[in-house]
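Two complexes follow with chain A in common, the first pairing it with chain B and the second with chain C.
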Partner chain A sequence: MKVTFPHLGTMHIFCKAIAETAQIPYVVPPETSRKTLTLGVLHSNESICLPFKIILGNFIEALQMGADTIVMVGSGPPCRLGLYDLVQKAILEDMGLHYRWLTIPPRLTLQAIWKNYKETKELKKELSWKNILLFPYGLRMGWKKMMACEALEKLAMKVRPREVKKGETQKHLKKALSGVDEARTLRTLNDALQKGKAILQMTGQDFSRIPLKIAIVGELYTVMDPHINRGVEQKLGELGAEVTRTSWFSTHILRSLRKNKADQNSERIRFFEASKAYLGYDVGAECNLSIGEAIVRSKEGYDGVVHLMPFACMPETTASGILTRVGKDWDIPILTLILDEQEIEGRIQTLLEAFVEMLQWKRKAA
Partner chain B sequence: MGALQVLIMGNYLGIDVGSITTKMVVINEGDEVLAEVYLRNNGRPLEAIQQGLESISSRLDGETSIDGAATTGSARHLAAYLVGADLVKNEITAHSIAVIDLFPEVKTVFEIGGQDSKVILLRAGVVVDFAMNTVCAAGTGSFLDQQAARLGISIEEFGTLALKAKHPVRVAGRCTVFAETDMIHKQQIGHSIEDIVGGLCDSLVKNYLNNVCRGKEILSPIVFQGGVAANQGIRKALEKELETPLIVPEHFGLMGAMGAAKLVKRVKPFRTQFKGFELSRKSCLTRGFECSECENQCEVVELLVDREVVACWGDLCEKYRKSSSVVSQ
Partner chain C sequence: MEEKGRIGIPRSLMFYRYFPLWKVFFEELGWRVIVSDGLGKRGKIIYFEDSCLPMKLLVTHSINLRGKVDHLFVPRLVSLHRSYIMCPKFRGAPDIVRLATEGTVSILDETIDLRTREHSMLRSFLKTGKRLGADEKEGKRAFQKAERFFINFQKGWENRINVLSSKDLFQFDIPTSSEKNISPPPRPRQGEAEGELAGEDKREGGYGRLYSPPPLPAPRLRQAGSPSPVKGGGKDIGETSMRVAFIGHPYNLFDTDVNKDILSFAKNLGMRIITPDSLSEKEIDAQVSDLSKEIYWSSGREIVGSLFHFLSGGVDGAIFLTSFKCGIDALLQEFIRRRLKLKGGTSIPLLVLSLDEHSGREGLTTRLEAFKDVIEERKRN
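The block that comes next holds the complex of A and B.
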């Protein structure tokens, strides 16, 4: 058995950690590249959204490398993510690739357990007692690595707008993350995290700068994966803006476990409440939260909001329409970027540069 | 003071390399246009920049020196590497600066170029919002070009022809493919060319207002600029739809280049990076190759001037970029 998982931000680091610690063989798909996208586009239905195409590409590459078990998250309607696992399964089968599929349910319900019942029964035969006994420790390791990655990424978001040499933070972040990736025990992981933080702090910074504050909202794949959004977070940071986002693995996992309502989720509940002025019910996916967050950020004195969505994404198309109104009502500039497979990196750069300049003028005028 | 002013009197070059055309302008300290160039790229921006440099230098008097150069437009980085720019600026900011200086009271800017259409909202001389077409290029200059060619008329005639329309036909403006199908259908059932061209202008304007300007507060005075502002038909259709006259600046096609020149004038570089007009006589070419070091298979581009690599880009890992000069933002 060889497990694989799609790329999504730093997800491969902690998925790998779980498998490694539980001593389950795994394959990390090659880093998302043009080849991945080409493969994904070739085999997917034409009008599907960008994340679907890229994830499919990751799976094809991983299966070609010898993986035989795919672990994928699922969700419910109305977002197409709810159909990802079903449609991708059908496509990969049509391609003649052989594998087993495990869906991690968005919510732990009886239905979800039923959905995976057959696969888990099969898996049980292949997993040794050692694997099963080590699995809880693997989960703990994975969780700790995920939190370490998030801490480093959050720190990088603060350092980047103050960096003196453009691009230095990104280099340091890469180094820090690979340190976390290489850690094998909880103790070395903690050391790697502290060392990573130190590396990031070593970036030459100009503390006299008062960076703009920009929140990134939108569909979670496009917000979390730099390959899908062409590095919007990094680009904004390097243009001198301190970026915030609330889409993290921990947020989404805690939400699906319905845990920590008082802590992490309170922010999301706050966004949801704020969106009620514009939406009478839950549209689904991140739609309500994109709208709510824009309102909350405006109240908190943020300079602007960047809204990311894949082309033809239903919940976020709904959000983008409402956001133009929110921007006016709450006097906060909102830039919506629609992402698809075409080469629009230059265009994104132009729009972000102009957006940041506009916010700087606005701040000066105020 | 007088002596000092003479010392800091300078001339500034603004270059705007768009998808279809290349624009250049030289202004002096008083923002007077000393020379201007507007030419088509024909898909070869490098040659267009060289040609532009040659023709603009022939229009300047021999003693005019350039004290600063700035580039803008979608090929601004290519242009900057080639000519040696002191400033590289995105076209949205460049267009805004040009308008704010000329018409401080303006509240909306429509800019329709070859591949881009933009709307910029200004309030009290400050940009407060903007939008640019992202996934669709319907209604931009290149589509008008294409349709003019299909109908066998020149793009210059296009606008005047549209004005002659008595009963402009309805043309689907949501997508260029739909628009073309619709136009062919209308021509085959016998509508006059004037009415079809007029109908196309109306539908493209509706598309622009509904897509690019969606949800934006369009207040007059409005400036209309970019290459398409030359098109009488589009201009009239916009005025009809918005029920307000538009201001079309004298140098409507050069506004991006003007903005760039004005911005570099503000910076006043101590010593300009500009490599001089002689560049137009040197051999300049780009060379592309696919790097096979990793899965990204980056399409790397090298710029050669007189057989020497002066810049390199396209490599995600920046491995080849070491040798090239860094252009400041």
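The block that comes next holds the complex of A and C.
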């Protein structure tokens, strides 16, 4: 058995940690590239959302590298993400690839257990008692690594707009993340985290700058994965803007576990409440939160909002329509970027440059 | 009865299934129902958001009605089935309309969510009735009449599609209130008794009865004054003609602004049109219940289920109408294609037509003619 999982931001680092600690053989799909995307596009149709194509590409590449078991996080209605597995299974089967599929249900319901029963039973045969015993430890390791990655990324977002030499932060971030990736025990992980933070702080910074404050909102895949959004976060940072986002793995995992409801979700609840002036119902996925966050950020004095969504994303299409009005009402510039498989990196760069410049004028005028 | 005011219903989205229900309900409460005009030949679509064509048409039609009506009826359709939901775009539709009309018109946007008991169809309509100043009794009576009429309307639906031209599909007469007075006196009492029964029904069933017609006395459905026959309807649409299943969301099938009136063209080619409406829920379920995951959109389920049902026999061809950018259709289309291939294909021809505001009638007719040739060729062999 060889387990594989899709790429999403730094997800491969902690998925790998779980498998490694539990001593389950795994295959990390090759880094998302043009080829991954081409494979995904080739085997799906034009109006399917971009995350679907990229995940499919990841799976095809991983299966070709010898993986045989796909682990995928499921989701519920009303967004299309909840049916990814159904359609991707049909596609892979039609392509003649052999795989087994394990969906981690977003909520443990009877139906979810029933539909996964066969696969789980089969997998259990291949796992030794050692794997099972080590699994909780693996989960703990994975969680710690995830938190370490997020801490480093958050720090990089702060450092980037003040860097003197363009691109230095990104280089340091990569180094710091690979340090976390290589850590094998909890103690070495802690060391790697401290070391990573130190590396990032070593970046030459100009503290006299007052960077623009921009919030990134939108569909979670496009917000979290730099391959899907063509590095919007990094680009904005290098243009001199301090970027914030609220979509992190920890937020989404805690949300689906319904843990720390009062504490962790307070921000999400705040956004949701704010969106009620425009939306009378929970549209699903991140739609309401995108709108709410834009309003809240405007109140908090942010300079602008970048809204990311895949082409033809159902909930975010509604959000983008409403956000044009939110921007007018709350006097906050909102840039919506619709992403698909087109080679649009250059265009995004130009758009972001213009956006940042506009924000700077606006700030000077105020 | 004196007219209390005007209610505007945009000619878009679920209008194409539930209009009879809505119309009877509001007229029973003494309101006049105004429906927006079609786009016509030179109609301009108003782009408020970058959505699918049917959604853009909702905004366009709503703006068209602005100033002509007292209230706009744009219900928030979360779910029209006891366990499956609608596309997420429907959830934000009233808000989009509110922003697009800039708050100049009052919008009746009660939520309809048949998954929860308290939001069942009746309750939602009672709330709407309340906003219009009707008490619960009036609302209940109006809704029951509307529901009965609607169920009967649905029964005659397939015949209507094949006999009437597309623009007359939703032209119908409702038994007038004067006639109601003539009707035998037991009726109101009977209605009340039914009302209680229906209430019980709902508490147990937990959802409106639109999918399981109750054993109510059949009302007389009166055909529109003089149904204009289909152009070139002289052709014999009988046993010998081709039976072609048209599958898709109701607004793709029946909105002539979306599909350029492909149905009447199909009828002129001698096709007999069959829609998923003719299938029971059981028949649809039988096709999709063995999937590794439930398809949770009711419309998507209907599309996949009916397509597999029709492709396993009973029709000469199937046509799947989809709007460009429709998220549900895009995903399921891929699924249908792959699953068909895995099942060893089908001998029944399938045509997928993707529609948007740029599709021209000529392109569609060419493909339809070619499709007809395929069917005929297959029949000959």
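Here is the rule we use: the second predicted complex is superposed on the first by the 366 of 366 C-alpha atoms of A that agree within 3 Å, B and C clash if a C-alpha of one lies under 4 Å from a C-alpha of the other, contacts with A are read in each partner's own complex, and residues count from 1 in each chain.
The definition used in the following text is that a contact is a pair of C-beta atoms (placed from the backbone, for glycine too) under 8 Å apart; a residue touches a chain by one contact, two chains touch by 3 or more.
No experiment lies behind these values; they were computed from the predicted model shown.
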Touching partner for A:325 - first (chain B), second (chain C), both, neither: both
Touching partner for A:177 - first (chain B), second (chain C), both, neither: neither
First, second, both or neither for A:11, with chain B first and chain C second: neither
First (chain B), second (chain C), both or neither touched by A:19: neither
Chain C versus chain B, contacts on chain A by residue: C
Which of chain B and chain C A:241 touches, first, second, both or neither: neither
Partner chain(s) touched by A:338 [first = chain B, second = chain C, both, neither]: both
First, second, both or neither for A:279, with chain B first and chain C second: second
Touching partner for A:152 - first (chain B), second (chain C), both, neither: neither
Contacts of A:37 with chain B and chain C, given as first, second, both or neither: neither
Overlap of the chain B and chain C footprints on chain A, listed as residue numbers: 321, 325, 338
Touch list for chain A against partner chain B, complex: 30-31, 33-36, 311, 321, 324-325, 327-328, 333, 337-338, 340, 342, 344, 346-347, 349-351, 353-355, 357-358, 361-362, 365
Parts of chain C lying in touch with chain A, wherever the complex brings them together: 48-51, 76, 78, 85-89, 91-92, 94-96, 99, 109, 111, 291-297, 324-335, 338-339, 341-342
Complex interface listing, chain A residues touching chain C: 44-49, 52, 76-80, 82-83, 85-87, 89-91, 93-94, 103, 111, 115, 278-285, 287, 312-315, 317-318, 320-322, 325, 338
Residue ranges of chain B touching chain A (in the complex, touch as defined): 74, 90-93, 124, 126-130, 132, 134-135, 214-217, 294-297, 329
